[in-house]
Amino acid sequence: MSAVELSGDALAQACAQALLSRDAASRSLGIALEGARPGWARVSLRITETMVNGHAIAHGGVTFTLADSAFAFACNSRNEPNVALQASISYINAARLGDVLIAEAQERSSKGRTGVYDITVTRGDGELVALFRGVCYRIKGTVLEGAGT
Amino acid sequence: MSAVELSGDALAQACAQALLSRDAASRSLGIALEGARPGWARVSLRITETMVNGHAIAHGGVTFTLADSAFAFACNSRNEPNVALQASISYINAARLGDVLIAEAQERSSKGRTGVYDITVTRGDGELVALFRGVCYRIKGTVLEGAGT
Amino acid sequence: MSAVELSGDALAQACAQALLSRDAASRSLGIALEGARPGWARVSLRITETMVNGHAIAHGGVTFTLADSAFAFACNSRNEPNVALQASISYINAARLGDVLIAEAQERSSKGRTGVYDITVTRGDGELVALFRGVCYRIKGTVLEGAGT
Amino acid sequence: MSAVELSGDALAQACAQALLSRDAASRSLGIALEGARPGWARVSLRITETMVNGHAIAHGGVTFTLADSAFAFACNSRNEPNVALQASISYINAARLGDVLIAEAQERSSKGRTGVYDITVTRGDGELVALFRGVCYRIKGTVLEGAGT
């Protein structure tokens, strides 16, 4: 079955899985794909000893990377490849060794070739860890290699 | 010799080395400290296979993490601990497998308990990879454990 | 009745009205206070001929100013004065001559002396005009002059 | 002489003047164009009584609007129309009644259809008031109406 025959949710999942399979950075951290739909994605990550400082607090770059992966899966969920132009993160509560973080990305706008996405990062106890907002730009091609053929 | 007897540059270097020694996330990526002065720091990182996607382009989270480490070393360079409140990154050119990235952080303002830092990330060929701006907030204590004692 | 005797909502409204009465910039634009509660505020503005360009599109600074006023009313709603440290805006749809814009500010976090607020700006037809996120910092004193006395 | 015959600096000045002549918002505030070159612009504004609060401090929206105008003149300086996608501002020092603010915009990147610009806002005494960074996106057409004809 070609990619163009997939329904919205199945296409979003196929795109996210394809991206994750090619993304050694996300996989080497241990980022797991929890779900994907058009304009939406959820990923998770357990904070391990190589992600924290001497006070057992996660590096801000780890939290950012998790949110950025959710952003990528959400903005590529329609088999149209998008690249990040700009992203901002506000840190709210610390993530600590052993915490499982959840990042959930939601499209706020997709117009012409640009989009805006909001990503929230929370801990297992429901506390907010960070708020991330990303702006993306659509480039040519498809996310799935065989898409459209 | 206690930390308080160190001069500005030596204190900045001692603070950065102390932070890096406690920061498993930066060390596990391979981030190297290239220099530190009051309000300034430079770090470097070689992009390896676990940092790229299937097109050999570095994950945006890796570039962010490098810039964030430079930010941390610069804003903690006076032995006063600061935490990041907010950071923004604009992506300019891709970083690729094998590139050595340099992130240089410069204080733009430090007033009361808050500061603003600009970080530029460049490739070995001098091309701009990303522009990062961070806002930090000073907390109590010292960066060096024995400082002031 | 002193300010400290006011309930949450009444205190938020008193703070917002006090700020607006002192804020010649918001008043000269025509910004109207639509409501205030603890951590929340809503303001509105009709786009007039002095706010647009030759294509009848509102200046980005007007949209920002409206969102910034909502942010100020929300983050000062507990009679503790806060100043903006940083703000970001993403533009989604144009605002045009004659449009009535609504900006609604919601607290996402308030911890220690810093807070994060999300502000959405919409047109009368419900379309999203802009997304604004602000970081604030609490200073000493009170919003209401006689508060606490 | 048609617009396409103008040299870089003259074209930048013609574009900025054309934009300012159509921009009732900037003109009604009193924003003055101080200079324009390809990828660069400088504007100024005197803070008047309708721009400040009860403590004689300029509204953050006024500072933002000034920076945003400099951004617009710089990113439209090559007669290719650009619109703002996203902007961030960090507030450093207050601007007060009577201050003359200068906003200077410098292109940091212009690639494909997107660009990144840094704008600094300073007071007459040289103190930094704010740092602004904007991301823009090129649309079709020209800035000068008769350009290319």
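As written, the chain order gives the labels A, B, C and D, with residue 1 at the start of each chain.
In this text, a residue touches a chain if its C-beta (ideal position, glycine included) is under 8 Å from a C-beta of that chain, and two chains touch if they have at least 3 such contacts.
This structure is a prediction, so every number in the text was calculated from the model and none was measured.
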Remotest chain, chain A as reference, centres from CA atoms: D
Fraction-based call for chain D against chain A, same above half, different below: same
Of B-D and C-D, whichever chain pair has more C-beta contact pairs: C-D
Whole-Å gap separating chain B and chain D, where each centre is the average of the chain's CA atoms: 31
Euclidean distance of C-alpha centroids - chain A vs chain D, Å: 34
CA centroid of chain C to CA centroid of chain D, Å: 24
Per-residue overlap in chain A, given as positions that touch at least 2 other chains: 85-86, 88, 90, 135
Residues on chain C engaged by chain A in the complex (per definition of touch): 88, 90, 92-93, 108-109, 111, 116, 118, 128, 131, 133, 135
For the chain D and chain A complex, residues of the former touching the latter: 85-86, 88, 113-114, 135, 137
Contacting residues of chain B [partner chain A, same complex]: 19, 21-26, 28, 49-55, 58-62, 64-66, 68-69, 72, 83-91
